[in-house]
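Chain naming follows the written order as A, B, C and D, and within any one chain the residues start at number 1.
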Amino acid sequence: MASKRGTVRVDSKDLGIGLVGTGFMGRAHANAWRQAPCFFDLKRRPQLRCVAGKDVKEAKAFAARWEVASVHPTWQALVRDSSVKLVDVCTPNHLHAAMSIAALKAGKAVACEKPLATSLAEARVMCDAARVSKAKTFVWFNYRRCPAIGLARQLVSEGKLGTIRHARACYLQDWGGSATPMAWRFDASRAGSGAHGDLNAHLIDLVRFTTGEQIAEVCGAMEATFVRSRRDGAKHTKSTVDDATLFLARLSSGATASFEATRLATGNQNANRLELNGTKGSVRFDFERMNELEWWDDTLPKRLRGWSRILCTDPSHPWAGAYWPAAHLIGYEHGFVSMAADIVRVLTGEKPILPLADFEDAFVTQCVLHAVMVSAHEQRWVRPDSFA
Amino acid sequence: MASKRGTVRVDSKDLGIGLVGTGFMGRAHANAWRQAPCFFDLKRRPQLRCVAGKDVKEAKAFAARWEVASVHPTWQALVRDSSVKLVDVCTPNHLHAAMSIAALKAGKAVACEKPLATSLAEARVMCDAARVSKAKTFVWFNYRRCPAIGLARQLVSEGKLGTIRHARACYLQDWGGSATPMAWRFDASRAGSGAHGDLNAHLIDLVRFTTGEQIAEVCGAMEATFVRSRRDGAKHTKSTVDDATLFLARLSSGATASFEATRLATGNQNANRLELNGTKGSVRFDFERMNELEWWDDTLPKRLRGWSRILCTDPSHPWAGAYWPAAHLIGYEHGFVSMAADIVRVLTGEKPILPLADFEDAFVTQCVLHAVMVSAHEQRWVRPDSFA
Amino acid sequence: MASKRGTVRVDSKDLGIGLVGTGFMGRAHANAWRQAPCFFDLKRRPQLRCVAGKDVKEAKAFAARWEVASVHPTWQALVRDSSVKLVDVCTPNHLHAAMSIAALKAGKAVACEKPLATSLAEARVMCDAARVSKAKTFVWFNYRRCPAIGLARQLVSEGKLGTIRHARACYLQDWGGSATPMAWRFDASRAGSGAHGDLNAHLIDLVRFTTGEQIAEVCGAMEATFVRSRRDGAKHTKSTVDDATLFLARLSSGATASFEATRLATGNQNANRLELNGTKGSVRFDFERMNELEWWDDTLPKRLRGWSRILCTDPSHPWAGAYWPAAHLIGYEHGFVSMAADIVRVLTGEKPILPLADFEDAFVTQCVLHAVMVSAHEQRWVRPDSFA
Amino acid sequence: MASKRGTVRVDSKDLGIGLVGTGFMGRAHANAWRQAPCFFDLKRRPQLRCVAGKDVKEAKAFAARWEVASVHPTWQALVRDSSVKLVDVCTPNHLHAAMSIAALKAGKAVACEKPLATSLAEARVMCDAARVSKAKTFVWFNYRRCPAIGLARQLVSEGKLGTIRHARACYLQDWGGSATPMAWRFDASRAGSGAHGDLNAHLIDLVRFTTGEQIAEVCGAMEATFVRSRRDGAKHTKSTVDDATLFLARLSSGATASFEATRLATGNQNANRLELNGTKGSVRFDFERMNELEWWDDTLPKRLRGWSRILCTDPSHPWAGAYWPAAHLIGYEHGFVSMAADIVRVLTGEKPILPLADFEDAFVTQCVLHAVMVSAHEQRWVRPDSFA
């Protein structure tokens, strides 16, 4: 295992990863690739080989911290690196398409951050590229890997909730007040949209993932931009995105669904919440207490019915057994670690613990994002599948 | 105080109340009139003098239980009873208008259950009658008298939340499943609507009461009826109301608002919930924990910010001091008791602890209810004030 | 039902109650007698006929407010009143014995506030008097009538918890800080003890009631008095009671038990908490959320185990069906109302919903209170049954 | 940074760590050393160079998974390894003394798992060895590094709680039922004690850490062993430790304190709970919701007082800023990661974020553990400092 000079050998069985982007998501992904093989039994060990970022100096510091062997001067160079089997795209949204398509053309698998793209048109091109290349694609809908969300999906698919009547999803954050300076996330040309693409993308994916249903129709939507201009160094720049987007929808089963994404919900720091009500039971989830799933079993005698707070840390819960003994909580980063492990499983011919989203699947979510914007702007109901 | 035969004298200073309706609301109101003077210092003691109901035998049993002196064979007789100063209307919705208008014409004050009426047209006629009569009117939006809701209103009006950005209101119940038999609440001709008029009426009133704002525009709405036919004795009858109604709205300040009323939200038994997010703070409330208001003070140092669970049982909280020492919880019925006390206050020239809704105020809420139905049916955005 | 003058006749079937004491407990009891027949079907209607208090003027105001027919100048006169069938003793602790014994001698049933007495000796004399008189006795351990506590008892007795391993009881209040002025509750000669007799009495009763076990041995105890002198008008008076008393114990089954009573637990306003852990399940309760019982069912598959929050407001929960529909919460006062109903049941030959404590039963609790004080003072383990 | 063959160079500035023990704690520590430099800015990067375990094959698999360069056949060999600057002891308790003392004699720093030793005598010898060697020692009281616990300590030391009146500590687990097979933790000769040394050790440390006070006197204690024999392969072996140990204590300030450690508290999986009540405020903590600290500020107006749930994930909270943005939760393992970082800080001449426990400090905790056992066995009060 150890060479004379105390080095760690690069095993030919390793799976080379190249990472583009060294911001918040870059860190989360670097950590995930590093940690996945320590906790999961994988056929090949993922190895973060190289990074590229918009600033080479920053990328070098990043590489030193995360023990990444090389830094490429450009993302194009990284995409050409023959040791790279999967390109991990963690850049601002408007760069997803070019990078992913180049990587696919170079025959690499691609794991791209969400939302897939800044627009439906871009997303469509990415999907087409994926179809042509036949390489595996993945989109980082990390909350799918939360054990509580995985359990919710299992309960629904086992019929424990009966027929779903209502889905209630909101992702409430509060970091977007007027004191927060300009950033790419407030610029529509780079982000596509604001809270909508950032947070509703997660909610739409989670409702689809947990219920197995589609968003059949958007029945009303509204956007709001409260902070119209933001400090940007010495000057002020216009914010061109929504601070909040809400919409109503009907699922394919006829269930009602409501969605709200906002960055101005004071006191809700990361409240990614989902509730499903069915004819036999209900579940609810709040990412601020991410280790817990609340479950209501309506088949119990009335005297014993209650919301049960399940700590989803038991080996019987998806992904949880890979980490610590029951009730030794996991955190935000573990969703990425579990997802990295599932990606490796797929790339080595195994099945993921629960399904992952690929470009095609993320395109369906993108259609919903688009339908909501049309609904809000034209003040009418819209069917997402009319864009498919 | 006590006569020789151990009787309780009818004090000429008593305030005679006549109650129409002996169902669930009848009980809640009878209890309220009986209890209010034991807990609140009032200029005149309300005295429930007489009742009328659709079934005289039932009304007699009701009167015996609640120690009500007389039973009238018809509501018309009750309205004519000269000892009655206020007629309390607790009947199904479609009877509100006729009874209230007759009482107003007889010069009585009227306290009517919510929603004001089954339709906008009926509500308008009631409002006109109230304006003509000059008698005092009241609508039983009982949740306004919940100390936690009262505190929420105070915090908003004191500026502690800053400018409101979001209101999030839902009233989730689960008693309306397919096993529940037919009743007037499922019949549009008697109820007007289902969950919408029953529960959204409360939510609209609460958002208006706590924020002091109006619902400027309904930005999308949807109705759902999942249980289309219900057991009705030996046969099945069609349910003609919504099981759930959701809508989005913009408040007069520009804040976004979302509303959901449902009777099929399994596990949510009486979850009348309200959250307000402002630029300086937030509050949230759930009637299933009705003694608590959660408050977030965004002006604290970040290190100390948190959702604070305030037990609204202190004498400094509205109405709470009338009951028990701090942290000795009150229940559902106390909202009615406090409201009865505030009604007496108004009738005896005093100010209520916090404002009550009269017919005119309830009409504004009815306009919103109507706008939502139009929005859902016509799949477009609607301004409630276009009906005013 | 109604006489010509609008009076309420005194029915010969009524059950005459005489109340001694017009403070906090006097109000709670007056309300209970008044409300019980409105909610429960009883063979005889309890009627609060007369009151006596230390201050006649205060007693008259009390009687006016609660519509009590007569005020007696002394408790002795009340005890002699032939219309009184049950004497309800709500006075400071040191008066319990004399009043109860006089009432028993006069052939009345007695309902006495807890703790039974200020000392073991007094309690023993009261018990003896009860035994001699054969009249029914009751001690107001009101928390037994909390539906959640009733459900806890049922779950234990049905075997749903298996064998109890641990009981964990604390009653945390915070009103006893140094700003709180002198009162009888801080005077050992009138109160017997402080937090101990006031709050541990409840806890001991609740552990015995819910588990059906006895406190076999006190395994260590400690008292603390932090506020040694209190403002008393213009001067300061010595507080002669404990602010907090803690003890450990072994139950008859061998289970461990811990107890803590305090009036200085800042932020805990009325946290009467109980947790029981058994080999098959657990329950926990906090009076600050008195409508809820948390239940853990350890026989479920691990994947589905969780703490289930049962809202104990369903007709299937003890006493709850008498009040409002499910999830329409009840409050502090309802424990007294339900207890008044159960007392009437016993006096009219019916069974109470769940057992009530009589003097003999309360004496067992008093022995534990005494054993704890001995243990704390002598720094040794003590068996309560050595005093029986 | 990267050599030609893709290897990671061993930097001479790295800090060599040798790990003894490859069980649950071995994993937690390996992860901690690996992760610390990715999140914290450290003067020297800790590098886990070598491991030793009771089973060489297992140790090799462990090394492969965690990318550890070498495996030593014995712990003695590891202690002699010149590349090792700190020996990390994660073995069963009875091995702590020999390993730690050998490492100290070899001039290495030592980080030893808690409890320090199986007995007071062993602990004393370890302390003496530490004093003689002058090497740095550390004891893995990992919960000190929980940001919520760190904040609790800060609030107390800033005076925000005023004078402490009560500490209430329990560590409730439920994995120790009769189905759990024999293991070293149930063998007094290897573990010293059961729940007591395992869990009360943490509680005692946390009370001391957060309050800055000492356990002045143990005022009663009790042990219980419910499961007396456990399956051990084909046979049954006697469990010689406590399943639960409870005790009462007085802190140096006079505050009362209660402690309970158990492995049979069904439904409490990892409920390491602490509450402190002071004259100006209170805090409470439950490790099952480890990212949260509840704070009560008693200096607010009564109307606004409540338990505030602070999500301790802000950069202003100790250690939290090293990880993710606010409200992106951390988990169990992060306490170890933060502790590894603080250990490196101390070894490189920096100050830890908050104090760490060394052998001398852990000895004080061991004296309390011992006093509790004496109290339980001799049924009397005991002063821990009599053993110091």
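Definition applied: contacts are C-beta pairs under 8 Å (C-beta built on N, C-alpha and C of every residue); 3 or more make two chains touch, one makes a residue touch a chain.
Small disclaimer: the values here were computed from a predicted structure and weren't measured.
Chemist: Once the contact rule is applied, which chains count as partners of both chain B and chain C?
Modeler: In this structure, the chains that contact chain C and also chain B are A, D.
Chemist: Hey, which chain ends up farthest from chain A, C-alpha centres compared?
Modeler: Result for max centroid distance from chain A is chain C.
Chemist: Roughly how many whole angstrom separate the Cα centroids of chain A and chain D?
Modeler: 35
Chemist: Centroid from C-alpha atoms only, then distance chain C to chain D, rounded to Å. What do you get?
Modeler: Centre separation, chain C to chain D: 42 Å.
Chemist: Quick one: chain A and chain C, Cα centre-to-centre, how many Å?
Modeler: Whole-Å distance between the two chain centres: 54.
Chemist: Where in chain C do residues touch two or more of the other chains?
Modeler: In chain C, 305, 307, 311, 326 touch at least two other chains.
Chemist: What residues on chain B touch chain C, complex-wise?
Modeler: Against chain C, the touching part of chain B is residues 1-3, 5-10, 24, 28, 30-31, 34-35, 37-38, 49, 60, 63-70, 83, 173, 175, 269-270, 287-290, 311, 313, 323-334.
Chemist: Would you pull the chain C residues touching chain A in the complex into a rising list?
Modeler: 151, 293-295, 301-311, 314, 316-317, 326
Chemist: For a test of understanding, state which residues of chain C touch chain D in their complex under the given definition.
Modeler: Residues of chain C touching chain D: 161, 165-166, 168, 170, 172, 174, 177-178, 219-222, 224, 226, 244, 246-248, 250, 254-256, 258, 260, 262, 264-268, 277-282, 296, 298, 305, 307, 375, 379-381.
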